[in-house]
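Presented sequentially are two complexes of chain A, the first with chain B as partner and the second with chain C.
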Partner chain A sequence: MLSRQTWRVIGTLGLRSAKQTFRRPQLMAPLIVFPTLLLAIQVGGAGRAVDLEGFPPVDSFLAFMLAGAMIQSTLLAGNSGGIALAVDIEMGFTDRLLAAPIPRYAMVFGRLVGTALLGLFTAFWFLAIGFVFGVQFTEGPLGIVVMIALVVASAVAFGSIGAAIALRSGSASVVQGMFPLVFVILFLSTAFFPQDLLQQPAQAIAEYNPLSFIINAVRDPVVFAFTTEDMLKALLGIAIIGALGAVLCARAMRHRLRVG
Partner chain B sequence: MGATMTANFATIGAMIGRSRNELLRVPGAAIPGVLAPTIFFLGLTAVFGNLRLLDGFGVESYASFLIPVSLMQGAGFTGAATGVNLARDIENGLFDRFLSSPAPRWVLLAGLVGAASLRSLVPGTFLFVVAMAVGAAFPGAIGLLVALIATMGMGIVAACWGVAIALKFKTQSAAPLMQAGMLTLILCTTAYAPQELLTGWLAVVAEYNPATQIVEMARQGFVGTVTWAGTWPGLVALAGFIAVLGAWALAGMRRTGD
Partner chain C sequence: MAAIEVEGLERKFEGGITAVDGVDLEVADGEIFSFLGPNGAGKTTTVRMLTTLLRPTGGVARVSGHNVVEDPAAVRRSIGVALQEAALDPLMTGRELIRLQATLHALPPDQVTSRADALLRRVGLTDAADRRIGGYSGGMQRRLDLASALVHEPRVLFLDEPTTGLDPVSRKTIWEEVEKLNDEGTTVFLTTQYLEEADQLADRVAIISDGKIVAEGTPASLKAEVGKPRLEVSVAEGTPAECEDVLSEFGERLPAKDGTMIVELSRGAAEIAPVVRALDERGILVEALELVEPTLDDVFVEKTGQHLEAADDESAPDPGTGEREALAE
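Moving on, here comes the complex of A and B:
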């Protein structure tokens, strides 16, 4: 159980990381501009995909793509949070925190609070795009709440991986170098197309990619309906990624404390 | 006059040589420019490959359809990198030394864009090999030549854009603008599907975007036969982009020197 004081530290660091991100357009822009641009272009460029045999019945390709864009944005938010933490390490801010009487994990949790807020922002952003362009949310307000919750939780999970890389490398450029990997993971999931219509080997990989589980559950409330199986798979996917991130963060923190 | 031109060409050659040295001494710097379009090529082929089954698509292999777009993307990233490198040179004061040299401004610009044009062959070659490996059709000698011209031309266009942005903002922080600008230009074309199958706003934008003509020019050999009718609009579009963006970059360079 965390003490009240630790919560205050996490809250303060979280507020700092959120302010830091929202004040720097160069950190915000990739999370919003790039996925929005790609969404707009892919909807226009591949919109006729809904006519393909085997494509699930959907109102529009935008409705189908919305979940992929949201999760793409949260992946980038995780990467962006990692970059910000690495900058803190490069500038020596983390050293001051290490010298302060606060738990080490509060540094990571504080950063993840900022990433969660970014996830929340991106969820609202893409929901707004959906509303503006006439997407019907099959599961109504409850479905929207579930979507937001899943997007925020996945942002935190991806953020933990970004934080681990930042702690291990201590270099913003190394974390930034992970940017292309975001797209590798996305292309090997159901982010942009139904699994049955992907080419091999992407189709086989997408079946077991935890990202597909999360995206399918975020997509369900928009185009299909809730299913317990998809929801449990999404939670499992988030838990796997989050647990991996937590373990890597702990190991990276130990390494950082050892090497200085 | 002759001696001046010789000196100018020697300066352009020296700037291209500097770029080559950078590539040889820091090969890792070229990796992102090669990696990003390759990931996009392989990823988009895997994701949207079945679009070729749509009525009216008319192409057997999606890799063949997509590879010209990826070549343009590779050239776009390389050109944008020229802008980022210039911004770095401005930040650390090296570009001031170039400006204080007796070389005319257009020579400095020609050196930068010439180097970018040649460097665009690095991702281009890699992408071509990858495309052949995953089953894209060989475009034939003429098709390959046309694709090469389009790639190098797009490298010049992207470099002019990158240089103009670098001279305007004078900071490497403007890098996303350089990259996003080229990405938008290239993707707002018939990148994903033929014009008849595009929907919504993109159908309209792609129809009037001159970059569509460049993509279609480069695509000819991969999906069919190269014709003059399919080539000249792309050449005109390239010339137009180079004229406009080159003039903007040159104006920026003249302003910077004042």
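Moving on, here comes the complex of A and C:
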């Protein structure tokens, strides 16, 4: 059980982390600009994909794509959080935290709270785009709440991976180097195309890609309906990524403290 | 109880680099203790161990009575730290940083604002408090860093090269603040590569070279160890031989430098007047006369065979820092 003071520290560090991203355009821009542009290009250029045989019945291609754009944005938020943490390490700011009487994990939790806030922001951003362009949310307000919750939880899980890489490498350029991987992982999931229409081996990879689980569950309330199976798979995907991130973070932190 | 007690402190890095090699020291409560040495001597590595940022590989260190390895949380509660190259986030404002630091040190929320205001006033940053730190000058950043280290009124303050890279005015401001803090009862552990800083501020100085303490004592006692004050005399042409005879009566003659004759005064500065009288009685026309006191650099030369500045130029980055960077890659 965390003490009240530890919660206060985590909250303060989370707020600082979010402010840091908003004040550094090079961290903020990729979260919003890239996914929005990609969404615009894909919806504008490949909108007729919905007419393909085997494409699930949807109101619009935008409605289908919205979940992919949201998760792409949260992946980038995790990456940005990692870059920001690495910048803190490079400029010695983490020493300030490590020399303070706070639990070591509060430093990482604070960063993840910041990433969660960014996830919340991106969820609202893409929901706003959906509303503006007339997307109908089949599951209504409850569906929207579930979408937001999944997006925020995903941001935290992806953020933990970014934080682990930052803690281990201590280098912003190394974390930034992970940026292209985000797109590889996304294109090998159901983010931009239904699984049945992907070619092999992408289809097989997408079937087991935890990202697909999350995207499918975020997509359900927009274009289809809630299914218990998709929801459980999404929670499992988030849990797997989060657990992996937590283990890697703990190991990286131990290493960092050992080498100073 | 001593504020800091260190016995056989050692830090070895992977690759066989020994950054700190069996350091012993004791800093009394209320003292300003200076760790003087060139870059790479082990100063920062020692501070990082004493502030619990780096685990020693040998020896024992206690700060405010708490073992840095066994009870690091208690150490962190009792110390304030301003590390080398002020570790500040350029995107935060000065006020945000102090408030954050206050939260980290568990100041009650209702005291955070007043404490931040008081500290910003203390270091003369009230007007700049809501500006981003990235726009501060080097001196302002150092003052802010110092203020942030004081937020919880620590018993022991660690300052790692607090004035490196600062202009003389900013340096003097920091010195005044350090002296004021010490007058208020704070023990200060200060690392520096500036002789003048150690000489002016410190009650006691330890000179570190290659990870080992090579000399320790008050600035005056260290200087007294390496020799007596020297009198450097330049005379008008035609009288140097006679002048040499006079000077020899007052102490050991040292080799002349650029035509200036040098004598080590056996009874110190008290002999200046007799020397001047003797020269005058012989009708020797003195062009220049200067009393040169031994400096901490002389102590450094005596103990290491190198001048501090020269050692600084030749040395690699601090092994502690360098190693960290290497391992981080």
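Please note the rule applied: the second predicted complex is superposed on the first by the 260 of 260 C-alpha atoms of A that agree within 3 Å, B and C clash if a C-alpha of one lies under 4 Å from a C-alpha of the other, contacts with A are read in each partner's own complex, and residues count from 1 in each chain.
The definition used in the following text is that contacts are C-beta pairs under 8 Å (C-beta built on N, C-alpha and C of every residue); 3 or more make two chains touch, one makes a residue touch a chain.
Computed from a prediction, not measured in an experiment: that's the story for all the values here.
Aligning the two structures on chain A places chain B and chain C next to each other without any clash.
By the touch criterion defined above, A:34 lies against chain B but remains apart from chain C after alignment on the C-alpha atoms of chain A. In the superposition on chain A, A:184 makes contact with chain B only, while chain C stays out of contact range.
Within the superposed three-chain model, A:121 lies out of touch with both chain B and chain C [touch as defined at top]. In the superposition on chain A, A:91 makes contact with chain C only, while chain B stays out of contact range.
Aligning the two complexes via chain A yields an angle of 90° at the C-alpha centre of chain A, spanning the centres of chain B and chain C, rounded to a multiple of 10. In the superposition on chain A, A:44 contacts chain B only, with no contact to chain C. When the two complexes are overlaid on their common chain A, residue A:137 makes contact with neither chain B nor chain C. When both complexes are overlaid on chain A, the residue A:213 reaches neither chain B nor chain C. Once chain A of one complex is fitted onto chain A of the other, the partner contacts of A:259 are limited to chain C, with no touch recorded for chain B. Think of it this way: put the two complexes on top of each other by chain A, and the tightest Cα contact between chain B and chain C is 15 Å. Touching of chain A by both chain B and chain C, each in its own complex, is seen for no residue at all.
On chain A, the positions that touch chain B within their shared complex are 26, 29-30, 33-34, 37-38, 40-49, 51-53, 61, 177, 180, 183-184, 186-188, 192-193, 197-199, 201-202.
Those residues of chain B lying in contact with chain A across their complex are 32, 35-36, 39-40, 42-51, 53-55, 173, 176, 180, 183-184, 187-188, 191-193, 197-203, 205-206.
Listing the residues of chain C that touch chain A in their complex gives 13-14, 48, 51-55, 73, 76-77, 79, 81, 83, 85, 87-89, 91-92, 96, 100-101, 103-106, 109, 132, 148, 320, 323-324, 327-329. Contacts from chain A toward chain C in the complex involve residues 5, 8-9, 12-13, 16, 19-20, 23-24, 88-89, 91-93, 95-102, 169-171, 257-260.
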